[in-house]
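Naming follows writing order (A, B, C and D), and every chain is counted from residue 1.
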Amino acid sequence: MTRAEAFSEREVAMCTVARLVENGRTYWAAGGGTPLYSVLLGQKLYAPDAQYVTEDGVVAPEPMLPFEPMMTMVASRAVHHALLWGTMNSAGLHAQLGHMDYGVLNTLQVDQHGNINSTFLGEYGGSGRRFGGPGGADTIAACCWRTILITDQERRKFVKAVDFISSPGFLDGTPGARERAGLPRDTGPWRVVTPWAMYDYEDRRLRLMARVPWVTVDEILAECEWKPLIAPEVQVLEPPTEEELHLLRTELDVRGQTTDAAGSWITWDGEKYVRA
Amino acid sequence: MTAPAARQSVPILREGTADYLKVDPDGFRAYVRDNKQRGLTPRLMTAREAVERFVSDGDYLTYECNYLMRGPNELIHEIIRQEKKQLWIAGKFTYVAVALLVGAGCASRIDCGFFLSSPPVLRALAEGRLEVFEYSNVIMTTRLQAGAMGIPFLPVRSFGGTNGFDHSGAKLITDPYTGDPVVIVPALNPDVAIIHAHQADKYGNARVFGTGISDVESALASRKVIVSAEQIIDTDEIRARPGSTTIPYYAVDAVVHSPYGSYPGTCPGYYGSDPEVVFEIFKAIRTDDVQSYVDKWVRPFATFSDMLNELVGPAKLEEMSTREIAKDGYSA
Amino acid sequence: MTAPAARQSVPILREGTADYLKVDPDGFRAYVRDNKQRGLTPRLMTAREAVERFVSDGDYLTYECNYLMRGPNELIHEIIRQEKKQLWIAGKFTYVAVALLVGAGCASRIDCGFFLSSPPVLRALAEGRLEVFEYSNVIMTTRLQAGAMGIPFLPVRSFGGTNGFDHSGAKLITDPYTGDPVVIVPALNPDVAIIHAHQADKYGNARVFGTGISDVESALASRKVIVSAEQIIDTDEIRARPGSTTIPYYAVDAVVHSPYGSYPGTCPGYYGSDPEVVFEIFKAIRTDDVQSYVDKWVRPFATFSDMLNELVGPAKLEEMSTREIAKDGYSA
Amino acid sequence: MTRAEAFSEREVAMCTVARLVENGRTYWAAGGGTPLYSVLLGQKLYAPDAQYVTEDGVVAPEPMLPFEPMMTMVASRAVHHALLWGTMNSAGLHAQLGHMDYGVLNTLQVDQHGNINSTFLGEYGGSGRRFGGPGGADTIAACCWRTILITDQERRKFVKAVDFISSPGFLDGTPGARERAGLPRDTGPWRVVTPWAMYDYEDRRLRLMARVPWVTVDEILAECEWKPLIAPEVQVLEPPTEEELHLLRTELDVRGQTTDAAGSWITWDGEKYVRA
């Protein structure tokens, strides 16, 4: 693996998630974009026996890459040579039965207990801004065993309590809160990944566990409206490799729609990584 | 056999407070008995006739897939052309169609699974012309599944604990079997479903290839069902491969022959999308200018095929078909 | 998000009083998480190994179709050969298999949809070696459907008012949506399902052609799943037609290559039944002489194929295949 | 149509049911045997646009006749050239949704309210005799709009109250009894057909409405342990035709398993029909 010279922040997040992908596990990737690219990146480089499904009920496809614009589900290249063509309900039921190990999704806003808001910023029904709704994320966050959340490292995205719980985290954070709400036992948030950091949970509360080399813990905390817990030892994440970026740029996000959507660029100045 | 007085009961722990389409399995059955054609009588007609006969102002409408992916776009255009009003839309797994129908003045209520939140929708909300009720994609298809089973509700293991739950028709009850809390969601039996299939015969026996969202559920759950199809095939072909039939004729009220009926979206295995026009509709929506899209692509034409002939042309359609190279499995 | 005190409740108007397999959706999920192979690891093995590993005394067993029609007969014979005991059988849409398993001493409880009531069964009942619980065929497949959905129960519009209801695990509740009485039935998650498919790959992706009873439901609802298949095909063939896959690999624990595995019954589209042997088993059952059938067809042989070679022979099997002339639709 | 010279009692019942079959209606025929043969007979001779389903989810097949012994469902000849191949649940759900007009079934025992027993004769769990259970009949009797029941005209089969309700008729006969038990509105028993007679219901009670020419009302009543109501005018049923019997014997019940299973034979003595 060759350490990369220049990459975007979104690329960092996808490469970080890709390295979490394991053989012999199933992944439900929400929508298209970042979650699906991260899983495909992990499968192709690190875990060839990782299998994934999407909301349209496709099981373990061998997609014809790259996808056409916005055509990451249902379209023939996306569902190509799957093991089974199902429906949204078959995807939901297989997850409900416990067959999906990991759910991978992204969001607008996450809170200290991993609750996800993709519906409304501000007071619901009030003067705030309406967004698209949970889509498949609610089922993924409820029924997959572990949830991996991808988002940007921005103050307004890390809050004490989301304005609207579109998809469940640990809800109010009390033991058994999910079970009391009817959700399956022993499920819930597992990781949050941003271009700067990776978080896990301690007693159902968000905890900073790792950072990229070019940002400090303080810089990360400055981009959290609500401060997460901090692990005794905050690990340092490996930067993207050229192999990862090549695959990402030539086969996955070829138009850069996802990776260029936000965030600045990082470059290697010969001694260290610096933000452009 | 009169039921004795309740010996026991299970608590309703929490309830959503939003309006939802009335749950009435017996009313649905009576509608089926009185209106569905259970004999093999041809039901092939034009999109205009199908929409005139089977889509009414105020109907609850579900469409399968979406405007970009195997959408029943000829039927959606016809609904806009006929200026249907006050539709309540099952807004699941959808991007632009909700904005299109809201922007064109056809829709006033949305059950939200996911849709592209965009200026036309936000403006309608701000102006009080639109109500949104909160679900998720799978909760919406679960509601359709309950409707397709002829039962009043289904238990589900998701949705609990969300704020969507509070703004929905869901309930959290104590499961009488395990004693654990479980969410139930109300059956959805839309007034009308519009579905684009790859193939159908003149009676409505339809085949969908590839993945889908809830084609069968919508077809069985809806009072009125319009199936548009790329190809009309002989019933003998259907009979030669009964395992390939997705929707049985007795659920279907109208069959519309609709080649390239998903344009500008893709009909998987048959043709790819027209990316330029897809970007055009996104642009129209982002700039809150649905009218210009409708005035260009819908209103000037008596039929969808007129639009295809005059604005798209055979060369483009041919290119869309030849670009669609991932064809394995897209046949009976 | 703690649920507030119950504001309202759902009356339980009537309840069946019979034992039923414990309803435990979360326990099922935990079993899946800890035991199912979600990677593409081969799981091809012999019937002997599959039954040794995945069928235990006391298991709740469901088999698909029945001994006469696409039955997993190699696996049923192996269960008898290994003298499994105290099985609880999903007795739906079945004629002779229940009598065979009861007569051979393998089964002690039956959930009844329909089975051939016959001397071995009646004697076991009279001698207290057998318990029967009352459902119907569709109620049994509805229970499997609930199990396959990972939910604790399903509402259903039949079964109410019967005496079967009283001797079952069903409940009559007031539907919280309509206020009308509605029957709910408990989910069924068998310990083990045995299913005979036309084709499967070594991972368990399986194809069933023709009609069926509840192949998918049993495969998804059961903790342990053994699929036997007439043909083992390459995974590339599965991938070439994903719409033809009936059962996904991650639900399957063992795949057994079992040509003529439904003998003496039919595997539709592949071969017809052997009527003489079908009559022979009916006669054995009617005369309460299951032992003689088992001693002739099961016990003497180490494997099912030994039996086919020694007692049936290639000419007969060939004749069964050539007699099967209605082949339309029995392919991917 | 040529009036037949000789036929069995079971053949009479099947021909009577066949004449009830209507175009444009759907029929769910229970199991194989009498109900299925009756529907096929009606479809082939009188109502070509009558459509039928069976328990295995086959929709509107064009079966390759004759069936192989006991192979009236699932088997390839039985489901040949259907419009859809489904499952038991699809059949049940389509009926639950109201798509099935008529259910046709047979039984051991029927009572004054059309309740059906196919489970147990005698006190359940006691010293009586166990039978096979409802099979598909419970769903048919619950969810099809109208139920046609076929049975033999024997005292022990027509009782005041069945020993065990396997499949629902009008239950206790009170208005709304089915609805109170959770069954769909406006459904229930419609006709009972035997080799001697046809019954309908008046206020949810069994009523003799027609008889075959060669038996009297008194003879019929003598074969009812519980006496049904009697219509003001008891119609006389037409005897089987040669066309019906030819089809029945050459394509449907070719082995006579069903038709010869019970009942005596009827012959034309030149002036009238007489029981052999």
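Heads up, the rule we're going with is that a residue touches a chain if its C-beta (ideal position, glycine included) is under 8 Å from a C-beta of that chain, and two chains touch if they have at least 3 such contacts.
Everything quoted here is computed from the prediction, not taken from an experiment.
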Worksheet, complete the sentence: Taking each chain's centre as the mean of its CA atoms, the one lying farthest from the centre of subunit B is chain D
Fill in: CA centroid of subunit A to CA centroid of subunit B, Å
29
Worksheet item: How far is the middle of subunit A from the middle of subunit C, if each middle is the mean of its Cα atoms, in Å?
Response: 40
Worksheet item: At what distance in angstrom does the C-alpha mean of subunit D lie from that of subunit A?
Response: 60
Fill in: In subunit A, residues with contacts to at least two other chains
58, 79, 81-82, 85, 96, 165, 171, 177, 180-181, 184
Discussion item. At least two partner chains per residue is the criterion; list those residues in subunit B.
Written reply: 1, 3, 25-26, 149-151, 156-157, 161, 172, 180-182, 210, 239-240, 242-243, 328-329
Worksheet item: Connecting every touching chain pair, does the picture come out as line, ring, star, complete or other?
Response: other
Worksheet item: Which of the chains are touching one another, listed as pairs?
Response: A-B, A-C, B-C, B-D, C-D
Fill in: subunit D-facing residues of subunit B, complex
1-3, 25-26, 28-33, 36-41, 148-151, 205, 220, 235, 238-240, 242-243, 245, 248-251
Worksheet item: Mind pulling up the subunit B residues that touch subunit A in the complex?
Response: 65, 68-70, 91-93, 95, 112-117, 121-122, 125, 132, 134-139, 141-142, 145, 156-164, 167, 172, 180-183, 210-217, 266, 268-269, 272-273, 275, 278-279, 324-330
Discussion item. Applying the document's contact rule, which stretches of subunit C touch subunit B when the two form their complex?
Written reply: 1, 3-4, 6-15, 23-26, 149-157, 161, 169, 171-178, 180-182, 184, 186-187, 209-210, 239-244, 328-329
Fill in: Footprint of subunit B on subunit A - complex, ascending
55-58, 64, 68-71, 73-77, 79-82, 85-89, 91-92, 96, 119, 124, 129-139, 142-143, 164-168, 171, 177-184
Worksheet, complete the sentence: Counting only contacts in the complex, subunit D reaches subunit B at residues 23-26, 49-51, 58-62, 79, 81-85, 93-94, 96-99, 101, 145, 171-172, 174, 177, 180-181, 184-186
